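Both complexes below contain subunit A, partnered by subunit B and then by subunit C.
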Partner chain A sequence: MDNIFLLKTGWRSIWRNRRRTLITLSSVAFGLLVSVTFTGSADYAYTNMIDTSATMGFGHVTVAAAGYNRAPSPSLVLSGCDLVLAAAVKSGVRAARLRIVAQAMLAAGGRSSGGEVMGIDPAVETGGFNVFLRDIVRGRMFTPAETRGALVGEVMARRLKLVPGRRLVYTTTDRHGEMVSGVARISGIFRTGVSGVDNGVVVLPLARLRQVLGYGRDEASFAALFLADQRQSRIVRNSLARHFTGIGREILTWRETQADLAGLIAMDRAGNYLMQFLIWLLVAAGIFNTMQMSVMERRRQFGIMQAVGMAPRWIFFLVMAEALWLGVCGLAVGVVVTLPCYLYLRHVGLNLETLIGNDYSAAGVLVDPVLRLRLFPETGLVIVGFLFFIVLAAGVYPGLVAARTRPIAAMRQR
Partner chain B sequence: MSFFAKVMPFAAVIFVLFPVPVQAAGIGRDTARARAIMTRVDDLWRAESSHGVMVMRVVTAHYQRNLKLEEWSRGRDESLVRILYPPRENGTATLKSGNTVYTWLPRTDRVIRLTSSTMMATWMGSHFTNDDLVKASRLADDYDPGIVFTGVRHGIDLIEIALRPRPDAAVVWDRILVEVDRSRTLPLVCRYYDEDGQLVRSLFFSGVKMMDNRLLPTVMRMVPADKPGEFTEIRYQSLEFGLVFADSFFSVNQLRRR
Partner chain C sequence: MAVTEMLRMEEVSRIYRRGRLEVRALDRISLALAVGDFAALCGPSGSGKTTILNLVGCLDLPDDGRIFIEGGDIASLSSAALAALRRDRIGFVFQSYNLIPVLTAAENAGFVLELQGRPRAGIRQRVEEVLVEVGLSGLGNRRPDDLSGGQQQRVAIARALAPEPAIILADEPTANVDSATAAGLLDLMERLNAEKGITFLFSTHDERVMQRARRLLHLRDGRLV
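Let's turn to the complex of A and B:
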């Protein structure tokens, strides 16, 4: 008995009941569509949130003084920044930026608010790696020549009555724990959509903040490294760790610096997998049901086949060949149905702004209100492989039932 | 005691605590004259050290509060204020040493060092902030004075001086207007404006008396512009100058002694 024979017979068998086969194929195709949509939208949303979170300060990978992530303080200073940046470039990061961050009291004309000052280098920062530059809604980014420029969030600007040109005083503690103050003139106002950020962050020139906090030219709070693909963060971290082991620095991925976001994603991903598992279970039950029906209806056929000398194991393989065809054809139909949907949702998306608004945030990161898909190739292969496995698995029991058919009893059936 | 220091509210609370040397003039004639007036005012209150007792009355929309305070000061940067009354707060003290401010709470026996996040919190429930306390002694470095009015206003012959912040000064006010009694060279009122030109608060000086052979306003009232009916009033009961303190007097250990 050769495999070609089994495949040919299996192919013929599945088309004996065309309607049932078409229903089975649509189940598999539906499973593929749902899996791709669920996984693709989740992967897009996670990547989007991770990338946005990275541009809010810490990058995908962060190099800081040891202990900074656990208890951030101006006294924990990253020194040798030039060396860190050089090593980062060697590790293949897309961009590396130095940042100084400190908690501060911000005041203007008798009004005050608590918040955070973030020092950035205006000569190298761009909107691609800094959400505050990207989201300026009034005024502009300060130039390298404007040593007292500042960007402030829209909510804080409203509370402190700030407009471009106005004076803002920040009071913080320097690297020695002494209270220090500085003054800035508002250059621009940003709106990220995350109220906590728009009400709490003031962006200042790095050089000026170094001066106020007593940092040296080669010092900062941390270096934020940006990657083309956030999934490479562990690899880059490990690569950098080899350079800096045991010299008072810590190298962290976004999972450590944005623990809230990492926790949220892990929880959401688990829920997503559970939902997909249930859907796959339904698909598998549907396929199992139709195959079992098919086997039960063909008991006489299996009895005759055994009576003329076909071994039970070949009958099992015959049913599995049918399952194989159902899997292959179902996935082919699934690809045909899913691909246009995927391409549309990947490039155009579905705008859910009327449902969730345009300022919905999670774990301090703005969520894109446009539903888009982004499926990583390896994830796509896992989905296809898993669905194929489910179809085959759904065929095992009907195959065993067919193989156990007793010829005489089966042939008595009409 | 510096006039510059007095135009800041906390300096008004304990206005002998922060003597500030006025910068040498050298800009315009008007500026030089304004500085000269302030130097005279400054000299009037200048003292190496001081000790006094005062009563502070705080009236807000939600509560009223009366405190009796004792204060000691040395130079510009060292001061200690301790609450004498009411009994439940007796012993609570604030120490300023340079830019650092500590508060001791006797009930919990804890010394708290003020951080940047508490700088804009009120000082002892009044209309003064911790930031006023820290920055009181830096006004001379932060503002440029200029005369904006000379003549009779409200029946008083006065000089009005405008203090404008220097470009790099870390101060929140866009302008402080100070009215000085021309004949006695004593401050009458300080008005604080934001960058919209809106009056934010006013500090009124009154109750001029001789204290330890110095003629001084002994009553100061801080009135926020946006809270009608609210104010904080400081009334000096006694004040003496030229005392000698041990070096350890303005220390955290001293802060904890009742």
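Let's turn to the complex of A and C:
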């Protein structure tokens, strides 16, 4: 008995009961569609949130002085920044930016507010890696020549009655813990949509903040590194860690710098997998049931096969060949059904604004109201592989039942 | 032991137990068939015909007594060896629904050859031969559903015949066909017996079929009479 004969017999056997097979195939296809939609929308949303969160300051990977992430302070200074940037570029990051961040008291026209100042380099920063530049709603970004320029969030601007051109005084502590202050003139106002940020962050020129805080030319709070693909964060971190071990620096991924977001994603992902698992279980139960039925209906046939000398093992393989075909065909149908849906949701998306509104944020990141999918190729393979495995697994017990058919008993019932 | 002995049963008993109920289906049966025999088991319903064929066909084991096939005691064989013995030396024809519905007549006829793992070309050639032999040449591509009852039994005989077995066991092979078809099937079996020397043991309770047998084994209540 060879495999081709088994596959041929299995193929014809599943089509003996066309209706049942079509139902089975659609349930496999349905499982694929659901899995791709669930996983794809989650992967898209996570990537979106991670990328957006990265542009709010820390990047996907952050290089800082040791201890900075646990207790950020102006006295924890990252030095040798040029070396860090050079190493980052060598390890394939898309962009590397230096930033200084400090808690500050912000005052204007007799009003004041707590917040944070962030120094960035106007010569290199762009909206692509910096949400504050991207989301300017009034005025404009300060130029490298404007050494006292500043961007302020919309909410704080309203509270402190700031408009472009107005003065703002910031007071903070320098690297030695001494109180220092500086004056800035508002160049633009941004609106990220995340109220904590729009009410807290003031963006200043990096060079100016260096002077105020007493940092050297080659110093900053941290270097924010941006990757083309956030999933590479760990790899890049590890490769950089090889450069910088044991010299008072720490290299972090977004998981550490954005622990809230990482926790939210982990929870959501677990819930998502649980849902999918339950759906897969349903699919498997359906297939198991139909296969079991079809095996019970063919007891006499399996009895005769054994009587004429077919080894039980081969009868098992015969049923598994049927499961194999159900898996292959079900997934083929599934791909045909899923692909157009996927491509639509990948490139066009489904606008859910009316359902969830357009200002919903989670873990400090604005959530896109448009349902879009993005499936990483390896995730797609895992889904297909897992569904295929499920179908095969559903065939195992019916296969064993078929293999254990006792010819005499099977033949006695007509 | 004579090499011309096909099979022998010595004091074979088979008792079916269902709960506390015991059915003594066979009661110390002894019989022997020589190579080339054309023998019929006959007797009323429930007399033990199918039970004997199951035991001789190594599908069932006796509760007592010994069974020898071509001189070998089947009690000493593993279940794999029994399956191989059935596949290679014994042909089976059952009363009805013998065939695998999703396979064509030719594929059914070649089924045991597939099990034996013979090469494709050899199988095709042998199947053509046996289909001619059973009078079905040209019908090889039909599915069982598209064949008459008699034609289906001929395909079953072709399947049994294809691996050139030593013995063909047939449990009421003519019970589900009309008498003209039954006569045709018996002609076929007789010819195969005469020309190929294949031993036949079949069961029947049809008088006309009994008359065609060269040896009659009468069973009643699990005993030979």
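What we mean here is this: the second predicted complex is superposed on the first by the 413 of 414 C-alpha atoms of A that agree within 3 Å, B and C clash if a C-alpha of one lies under 4 Å from a C-alpha of the other, contacts with A are read in each partner's own complex, and residues count from 1 in each chain.
We take it that a contact is a pair of C-beta atoms (placed from the backbone, for glycine too) under 8 Å apart; a residue touches a chain by one contact, two chains touch by 3 or more.
In this text, all values refer to a predicted model and were calculated from it rather than measured experimentally.
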Clash-or-fit label for the pair subunit B, subunit C on subunit A: fit
Which of subunit B and subunit C A:D2 touches, first, second, both or neither: second
Included angle at subunit A between vectors to subunit C and subunit B, based on C-alpha centres and rounded to the nearest 10 degrees: 160
Partner chain(s) touched by A:L264 [first = subunit B, second = subunit C, both, neither]: neither
Contacts of A:M310 with subunit B and subunit C, given as first, second, both or neither: second
Partner chain(s) touched by A:S13 [first = subunit B, second = subunit C, both, neither]: second
First, second, both or neither for A:M411, with subunit B first and subunit C second: second
First (subunit B), second (subunit C), both or neither touched by A:R300: second
Lowest inter-chain C-alpha distance for subunit C and subunit B in the superposed arrangement, angstrom: 83
Touching residues on subunit A, where the partner in the complex is subunit B: 103-105, 107-112, 114, 148, 161, 166-167, 169-173, 178-183
Interfacial residue positions of subunit C with respect to subunit A in the complex: 54, 57, 59-60, 80, 83-84, 86-88, 91-92, 94, 97-98, 100-103, 111-112, 114-115, 117, 159-160
Complex contacts: residues of subunit B adjacent to subunit A: 98-100, 114-120, 129, 131, 134-135, 165, 167-174, 192-196, 198, 200-201
List of subunit A residues in touch with subunit C within their complex: 1-2, 5, 9, 12-13, 16, 300-301, 304-311, 314, 407-408, 411, 414
